[in-house]
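Going by the order they are written in, the chains are A, B, C and D; count residues from 1 in each one.
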Amino acid sequence: MITAGVDVGAKFAKVVILKDGQVVARAKTLVGFDVLKSASDVFEKALKEAGLSRGDVQRVVATGMGRNTVLHNQPINADEVVSEVVADAAGANQVVPTVKTVIDVGAEEGRGIKVEVGKVKDFVINERCAAGAGTFVEAMARALEVKVEDMGPLSLKSANTIPMNAQCCVFAESEVVSLIHSKISKEDIAKAIHDAIAGRISSMVLRMGVEKDVVLIGGCALNPGFLPPLEKELHTNIIVPEYPEYVSALGAAVIAAKPAR
Amino acid sequence: MKMAQAEVKTQEYWRWPEYRRTVTEKDWRNASILTAGVDIGSVGSKATVMVDGELYAFAVMRTGGVSEDTAIKVTSWALEGTGLEAGKLHYVVGTGYGRVNVPFAKKTITEIACHARGAHYIYGPTVRTVLDIGGQDCKAIRCDEKGKVLSFLMNDKCAAGTGRGLEVFSDLISVPISELGKVSLSVDQEPPPVSNTCVIFAKAESLALLRQGWPKEKVAAAYHAAMADRIVDLLTRVGIEKDFVITGGVAKNTGIVQRLERILKIKPLEPKMDPILAGALGAGLFAKALYEKEQGLR
Amino acid sequence: MTATTQVKEYPTEPLKCWEQAKNLRKNYYEDYLHAHEKGGLRWAGGAWSFSAIPAGLGEDVYCITGEPYGATVAFFKDFASKCHDATEAAGFPRTLCAYMRNYWGSILLDKYILTDGTVVDGYPVPNFIWQNHICCSHSKWYQLVKWLEKKKGKEVPMYSVDVSVGYPSDFSPEEDYKVNYIVEQLNDGINWLEKVTGRKYNDALLCDAVWNEMKATSVWAEVCALNQAVPAPLDEKTMYSLYVMGTLMKHRPECVAFYETLREEVKDRIKRGIAAVSTERFRVITDTQPPWGFLKIFREMEKYGAVSVGSLYTFGLIGMWQYQPDGTWTPKPLPPKKPQTRDEALQTIVRWTLHKPEWAHFYEPELKTKMMESIVKQWKVNAVLLHYNRGCEGLSLHIAENRYGLMQTGIPVFPFEGNMGDERDFDLAGTMARLNAFFESMGLKKLKE
Amino acid sequence: MINEVFAQFRQWIDNRHEYAKAWKEKTGNRVVGYLCTYVPEEILYAADILPVRILGSHEPPTVTEPYIFAMYCHFCRDCLAQGLKGKFDYLDGIVEGQSCLHLRQTFNAWRLHIPIDYTYYIYVPHGVQTVRAIPYLTQELVKFKQSLEKWTGKNITNQDLDKGIHVMNRNRELMRKVSEYRKTNPPKLTGLEAMEMVLASQMVDKEEHSRLLEQLLQELPNRKLKRRGDIRLMIIGSEDDDRVFMKNVEDLGATFVIDEHCTGTRYFWDNIKEGQEDRLAALASRYVMRVPCPSKDWPEFTRLKHAVQLAQEYGAKGALIIQNKFCDPHGIEIPPLRDALAAVGVQTYPLEFDVTVPWGQFRTRVEAFLEQLTGLEELF
């Protein structure tokens, strides 16, 4: 059976195509103002990579905040939509069958999900004033005049701890600027930023409690500076699967492969 | 308002132009007191060179990662081509977020005091309320006929009313930051403001509107309206009294200015010179006073 | 939009006493507004205050209680946001109790809002303030009302009663020294009332009012208990318009009469199997005040066939309950006889009030968790929605502990952040998205619309 | 010598946990933590218990999320975080004297989630302006005393109570005497030193602390404190142990000459009448009549009157109003406080403290406020 999962996120749209449980294609693209177009393009890209056409795909399930734009809507014409929470759980369970806790940190949103064999037991999502780590790192990178992708590696160069309140991006940024003015090294500041986000995410996840195995997914899982402080905060080691940013789309594809509910 | 277009370097949308200018034909060589005010803001840095308390030359550029370097760069750029060297300046005062990092400044004074005094210089002694919309904060200042601060307030969290907010936004809708205000006014009727007063959320909300197919102009209008609302809150808290003036880079954003005018029903005074210089001008004037004090001239 | 499923539908019909409720509430606000024209007295204070006491001053004494007024303001978002701006402009932090800020804003703007949203010029100044100190803010709230009015040149005398003695167990008698601490304050308060109003105090009226309050709060509990029926005859959104009578005039005969009528109608609905929500198939309860400006979240729930059958808030703020030895939670019956003297009346009402569930759990999170657990069991509830309410320090107290406690017992919990009175703290889109995810994780799908 | 004394205070604060553990070791007695200054430490001293105040660490309290919703003040969460992290694992008990809802939550979370031998909540009345409060609190203290006797197995006699009352009175008396030296110009001690004196007193054995205070009092008169600038400031708020902030502000050329904090003068301002037959009634009246926390200060604003009086007696030119974010009782009083001080010519500036203090931003505000106070006169 061939199915596809489409994750129309805040920043990126991702597609995963599954053939009998095996991933045959992955593709992602930035989401522009025209969400449908961005999603359709990346869907095409994935089909091409798999050497398939839309007709070959039996079921398509969409997730992510833009999921409804592709539901029953050509050319993707998704058969069903599921929330990010459900997709994350299914996807994480696919890549790490022993998973009990999923942490998904994306551009705009952070999520913690308690999972039991792929089913959601409990979940938390960051509330207002705790904007996603992605956006946060971007804003801080600009203040530091450092490339976003360099932030993580930079933070790993520092061993110092500077307490910082990451609740509010706007305020945190001026904390960063005053750190810059008071001659704190970029390495230390970068670390402080990652520590702060890790603290914020972990305190959110702690609301529902953490059970092993813990899996970290989402775009920010690609940021190496993020894992060490998070593991420290949660007092546990965390598994980062291959292609962490695709796990939600994978989950959607997995759900698509299940008999329609 | 005339602006030297020479030497302007424009970069990405959010990057506002950097520029320098010599404003008078006067020769500094005939002057008795040479001072400078260096305003290292969180986003922009400005240097004013003043001869006998009159603006002579200035430069405006972005604040870099190392504020010492920026301080030196912006000051020497202001002096460029004037034949005047930094060493010849009698007194330099640093102000702004990075004021402590102006190596050649003899004293630092806060941007609050400097903006009040600078506004007094730009707009004259009738100024009672100064609004400074800076890169990262927004200040509402009440001052007396001498330009002395009576009271002030700065924005707290949850205020999108800052220059940085506009940078983020201009990037988002890919409109040069200097055009934003104009664009935001090009709607036939005002849409409801974006509900969010937080830079991050306002951006997310604007993005959602764009994806719903709203035209850029309309989204810009909604964003500017929200900003204006926040700024008005701050002004009412400090208590607004005529004459009212706006300083800082955002004073050039007609989208904000006209909306403030509409809500407050008070027309801000027309600036006689670049209002982004207010802080640096105030610092330059304090520098003169401090030099005179040092020399026992007052 | 999403894949949908079919469920059986129950018959439903609007409440017959709905109009009566609407008018009661409308008249209440207007009676207060026009009290002086009829030579009557106006007083202001909290919904938790011992409102039966001022009743002894005569039958022409009208009050406006602060929390319901703050909620009414919140319901009309534009007016509310003007109120917030006014209080912030006056220098108050925006993190303070939202009802309080709405109320102050109304005074600062010198405008008064009616239940239909009509804004009247000139805030009606009370003759005196009669309050209870139940949380960090309750007396401070009115201390500032006094201060704000004074700045306008108006003297408003204030009396507030401290009740912070903890709460008594259902199975052992109240401690006398604690009860007497409050009774003595009430006694002093009566002398104070006579002084500031120049009126002679009438103990017979007091006894009636006390008895009314006890009846009203006991009958309301019975109404809530009836909602254990499946399908639920009442949904919480409707109950908001009913419990409110108890927050406005729990000591008045109209209130008792209304709750008795309501009780009979609800019994009848159960007999005829009338549902509040025809598609009921998933029962939830909430906690603390809702974000008043966004009651549409309840409509959103109904799209999934989910109905809120109540909350500890609506049940326990106005209803009086008690635990039975077998562990069931039941309406608290009236004592054998109506109080006949001032002292009896004060003793009785104090002992009664100290058991108020919403008050008791201010002291111990376990108690609140236990009561919610009982509701889940007895009202056949599938999940609990916890409103992390930034607007109310009192009712959000221990809410994280309650989430934790309920999770331990295996009850599904959906927490969401918001504010009962300040929309800036509530993220509608975000909350809807999370709610959606929650119902999906509960295996629910949207029903055909 | 003086500097050694202040150094000792600092040393005690920085090593408070080690101190308490060593004290237990040395005396074999119990240590009890308290959350609010409404806990009558006299009775604990009477029971040979060392009372220590629980304070935070100024790091984002990430571990408290499951137990306290983040709309409650950072102080109550920070305190709980210390407990959850095991920093106070040596405590035999924890006692709260009813003040605000925030700390009540800390108390309950501690009771429920942190292993501890003894917990007690004293229902200290809020109606401290009513005549009914003292007899009621007396009853509460009787119960508290009984509960301590049951726990420790020690019968607390009147002599014990007299000892406890005396230990506390003497310490408060001495700290008031030291405060007198903040009136001189320049003052004989900085605001930071004054804060560290009180914080230390809340963490160590009062008798040991009092001995140092006596040394201090002998030498303070001759102390020449060099201060850059002479702007006399007052600092007002709830709990505040932010020593870094104090230092930063005083480095800008100002000196805090007086405070109204429960980690400052509010803690030691009022004494207990000694030699009363009913000791507990005497205690009750002290805790009812003391400079109140705003949560208990209604319907009259007695604390405002007190703050104004302090500002005048100590010649403060301006005052910083510190608002611990989410503290309703203090937040509510900001405008009345502002007006009351303005009426006597003391300008104020409000600052909202959160778990971390963004000094970069606050620096500008504080400096500008100081410039406003001096008016930069000669430069216009």
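Going forward, contacts are C-beta pairs under 8 Å (C-beta built on N, C-alpha and C of every residue); 3 or more make two chains touch, one makes a residue touch a chain.
The shown structure was predicted, so the numbers you read here are calculated from the model rather than taken from an experiment.
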For subunit A and subunit C, chains touching each: B, D
Between the pairs B-C and A-B, the one where more C-beta pairs touch: A-B
Geometric centre distance via CA averages, subunit C-subunit B, whole Å: 50
Averaged-CA centre spacing for the pair subunit B and subunit A, given as whole angstrom: 38
Cα-centroid distance, subunit C relative to subunit D, in whole angstrom: 36
Separation of mean Cα positions, subunit D and subunit A [Å, integer]: 45
Residue list for subunit D, restricted to those that touch at least two other chains: 65-66, 352, 360-361
Residue numbers of subunit A (touch at least two other chains): 128, 171, 174, 177-178, 181, 207, 209
Where subunit C touches two or more other chains, by residue: 91, 388, 400, 403
Overall pattern in which the protein chains touch one another (line/ring/star/complete/other): complete
Partner subunit D, residues of subunit B touching it in the complex: 97, 109-113, 137, 146-152, 154, 156, 286, 289-290, 293, 298
Complex contact set, residues of subunit C against subunit D: 90-93, 95-97, 100, 133, 135-137, 139-144, 146-147, 158-162, 164-166, 177-178, 181, 184-185, 188, 362-366, 388, 390, 393-394, 396-401, 403-404
Subunit A-touching residues of subunit C, taken from the complex the two chains share: 1-3, 388, 400, 403, 407, 412-413, 415, 417, 425, 427, 430, 433-434, 436-438, 440-441, 445
Partner subunit C, residues of subunit D touching it in the complex: 65-69, 71-72, 98, 100-102, 104-105, 108-109, 112, 121, 123, 125-127, 130-133, 135-136, 139, 294-295, 298-299, 301, 323, 325-326, 328-329, 331-336, 338, 350, 352
Complex contacts: residues of subunit A adjacent to subunit C: 65, 68, 71, 80-86, 119-120, 122-125, 127-128, 207-209, 260-261
